[in-house]
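Chains here go by letter, A, B, C and D, matching the order in which they are written, and residues are numbered from 1 within each.
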Amino acid sequence: MIDKRVPTAQEAVADIFDGATVMVGGFGEAGSPIELIHALIDQGASDLTVVNNNAGSGEVGLAALIKAGRVSKMICSYPRTANSTVFPEMYRAGRIALELVPQGTLAERIRAGGAGIPAFFTATSVGTPLAEGKEHRTFGETEYVLEHGLTADFSLIKCRRADHLGNLVYNKTARNFNPIMATASRTTIVQTDEIVRLGAIDSEAVVTQGIFVDRIVTVENPALESDLVHKGMSYP
Amino acid sequence: MSEAVIGLTRDEMAMRAALDIPDGAYVNLGIGIPEMVAAHVPAGREVIYHTENGLLGMGPSPTDDGDPELINAGKRRVTAIEGASYFHHADSFVMIRGGHIDLCVLGALQVASNGDLANWSTGGPDAIPAVGGAMDLVAGVPTIYVITQQTTRDGKPKLVEQCTYPLTGRGVVDRIYTELAVIDLSDAGFQLVELTDGIDFGYVQSRMDASLAPIAERQEDSVHAT
Amino acid sequence: MIDKRVPTAQEAVADIFDGATVMVGGFGEAGSPIELIHALIDQGASDLTVVNNNAGSGEVGLAALIKAGRVSKMICSYPRTANSTVFPEMYRAGRIALELVPQGTLAERIRAGGAGIPAFFTATSVGTPLAEGKEHRTFGETEYVLEHGLTADFSLIKCRRADHLGNLVYNKTARNFNPIMATASRTTIVQTDEIVRLGAIDSEAVVTQGIFVDRIVTVENPALESDLVHKGMSYP
Amino acid sequence: MSEAVIGLTRDEMAMRAALDIPDGAYVNLGIGIPEMVAAHVPAGREVIYHTENGLLGMGPSPTDDGDPELINAGKRRVTAIEGASYFHHADSFVMIRGGHIDLCVLGALQVASNGDLANWSTGGPDAIPAVGGAMDLVAGVPTIYVITQQTTRDGKPKLVEQCTYPLTGRGVVDRIYTELAVIDLSDAGFQLVELTDGIDFGYVQSRMDASLAPIAERQEDSVHAT
């Protein structure tokens, strides 16, 4: 029988290995799976490549993972946010690599990775430093660059509500990168505010279908990054 | 202050740009002065705001604490109008890259006479590069307005013959709103459309590092259409 | 103010021009906008290129449009269905062209067209006659073909429920190609079973966002293709 | 009937294939005999069925008239289980092309000893070509099972050295269930796995146009894994 629930965040992230590529959902704090990230810090995996739109803030969540020296490379569109000091320091010190990707190209590369599309053309970034060294081609009268699909070994996802088959719905703009990352990773690990009975999520309104989900942990009152940062907390 | 304020305030610049947002438009507003445009759309026009982090139908800032998971691209808390919808990032950029957003208003570090825009990086060796959705917006949205001061704080012109900062996009800017003027990008380069009250042509020209063509006899309105 | 409702199907399709490319939603009869198609037959536009998964059945809806000689080319994956006789006859007689596209590639080409992606690589069809003449490229150890985005001048869409801003939800598997076609056409024309007040469609459950929709006609009790075929009806 | 029925019935073939569907699998079933597999999954296993027209969690045929807008890829009315979800065609083929469906069971016109499958067209000059989702399924789903009679109605072998009909995909078939045997595709070609009761090796071989390797001493089970 299919039941994707696991008891703890600790068990959910146990097999993330050194050198893994990990997609982490969220846009700023909205949809950021902080408890899963903290479990990953406890777990100890290192040399990670992390895909996220940003690079964390304060010294909690993703910023704490970076500060702990576990991330060797970030793939993101905007590693500069309010209260973001950890990444800039590590980057200037040459202790972390950065692959900067325009936000829409990042989203489309992840979507392509999940969809079995190895590469696609986009007009985004043509004529800019981010297109340098990439294959260019003209279709019609417009010039495009070739971009490649992006996949990961694991994704850490936050949602509002799940059932035990792994169907997920999100809260407002906390949806952001979470659904596409769930499609693009070999193992999708989800934290949800609550698990509901099968059928309680409207079949017409499921956002992430269970087929994309491997493990679900309930985190009833997830922490808010801004609250933790405001309180000056750091993890661990 | 070492210098008296000349021309429009930031809020007045946003107000002037808002006059050109057509009724029924789907609009994405960049961070900073562009955000202020929403408050000034003339009465009787309905404009729908898109934010690239997955919301169509963005409303104003909340009057209460708001929801930390209802934010805009600048990561500030916002509200949603009746008839709003949420979607994931790939779908959000279908709207942008696919040309479905009618108009985008952005800030600028530099705009060149060929419409090139630089607004994401000064290219400094110690700068943390960060681009966000700017390159997608200029590549996908058919009409790009820029709101910017005529010069940097230390007086360097932002309207230039050629950008020296890394580009956001090539030939993408349609119209610029500054504190001194409204300026179109035409095939011939910067083209004056309108002077702020009390400002003369020579003063605007003196605050640019590129040639400005005077107001045309018969005004071309093509950049208004979306 | 924004209000995309138009009073009649006749008005909704009035500007479809000779030679236009028209995407028609539906998979078999599920989600097929029959009333809009019949209005298009009445309107008279000809030399149309039509994109649909199938090629109609009986002598109503899409089959009737083909039988009336208005379609010069079909782009579809499966022009052979139960009760499908019109297309085969026209095709054998050399009176209609066919571009046969695998179903997933058809869906992805439409999605790409709507997303501003001019071309992408897919493994589908490699080694088959449908890949002949197409650019091939190997990524990793797999061979792929290059496929191009597909756009249209108009799309005819059927949905279950709409608001006046053009937000749409569908009924079960009647969703199929409708949402992606709405993104890929310059003018999207929708028939809906009902219009509801703004806010009555859950913001988390909107499937087609209003930005993709241009015109909405209410068709309260839409005909079912299988019913019409069963009754031996033909249109007009 | 000009010929006595030898070996399994269509329903028994589906039943045999069903034994190899693992618990927890996400499965797409082709039209015809493959559809019958769903009714025979052994007790205690939970299998979730995908249909490419936008439903995950397809249930059996309705006991009433059903909903004409709740259909499967063969356009027959079906039901949806609790926990089912609907999605559009592009998302449906994300599941297929992206390798998320574990296993697909299809019919065949021909299977070649290198795993090539032909199941969409006889290539006849008067045939209306129609491919549907077959090419996407074989390109995207990691494990492909085929259920087919050993020969066509007029006795022509369907398991052949090389396909003469247009291909659906190259080297895609993992295992074949016929009325006479279960046959794997290995690097060496057709590899017998199991004979139907009362059928001997020579008879199966005689109904093929390619060499069949006898049952291996130590059975490789690799094609079961997904």
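Keep in mind that, in the parts below, contacts are C-beta pairs under 8 Å (C-beta built on N, C-alpha and C of every residue); 3 or more make two chains touch, one makes a residue touch a chain.
A quick note: this is a predicted structure, and the numbers were derived from the prediction, not measured.
**Q** What chains do subunit A and subunit B have as common neighbours?
**A** The common neighbours are C.
**Q** Could you put a whole-Å number on the gap between the CA centroids of subunit B and subunit D?
**A** Roughly 56 Å, centre to centre.
**Q** As a quick test, compute the distance in whole Å between the mean CA positions of subunit B and subunit C.
**A** 36
**Q** Please set out, as single numbers or ranges, the residues of subunit B touching at least two other chains.
**A** Those would be 80, 86-87, 93, 96-97, 139-140.
**Q** Among the residues of subunit A, pick out those that touch two or more other chains and give their numbers.
**A** 108, 111, 115-117, 122-123, 170, 172, 203-204, 207
**Q** Based on which chains touch which, is the overall arrangement a line, ring, star, complete graph, or other?
**A** other
**Q** Please list each pair of chains that are touching.
**A** A-B, A-C, A-D, B-C, C-D
**Q** Considering the complex alone, what residue numbers of subunit D touch subunit A?
**A** Per the stated touch rule, the residues are 23-24, 26, 44, 46, 48, 50, 56-57, 80, 82-87, 93-101, 139-140.
**Q** If you look only at subunit C, which of its residues touch subunit D in the complex?
**A** 27-31, 53, 77-82, 87-88, 91-92, 98, 100-108, 110-111, 122-130, 170-180, 207, 224, 226
**Q** Would you tell me which residues of subunit D are touching subunit C in their complex?
**A** Residue positions touching the partner: 51-55, 67-71, 75, 80, 86-90, 92-93, 96-97, 116, 126, 128-136, 139-140, 166-170.
**Q** Spell out the residues on subunit C that touch subunit B in their complex, using ranges where they run on.
**A** 1-2, 111, 113-117, 163, 165, 167, 183, 198-199, 203-204, 206, 209-212
**Q** Over in the complex, which subunit C residues touch subunit A? Could you list them?
**A** Those residues of subunit C that touch subunit A are 108, 112, 115-123, 137, 139-140, 142, 144, 148, 169-170, 172, 202-205, 207.
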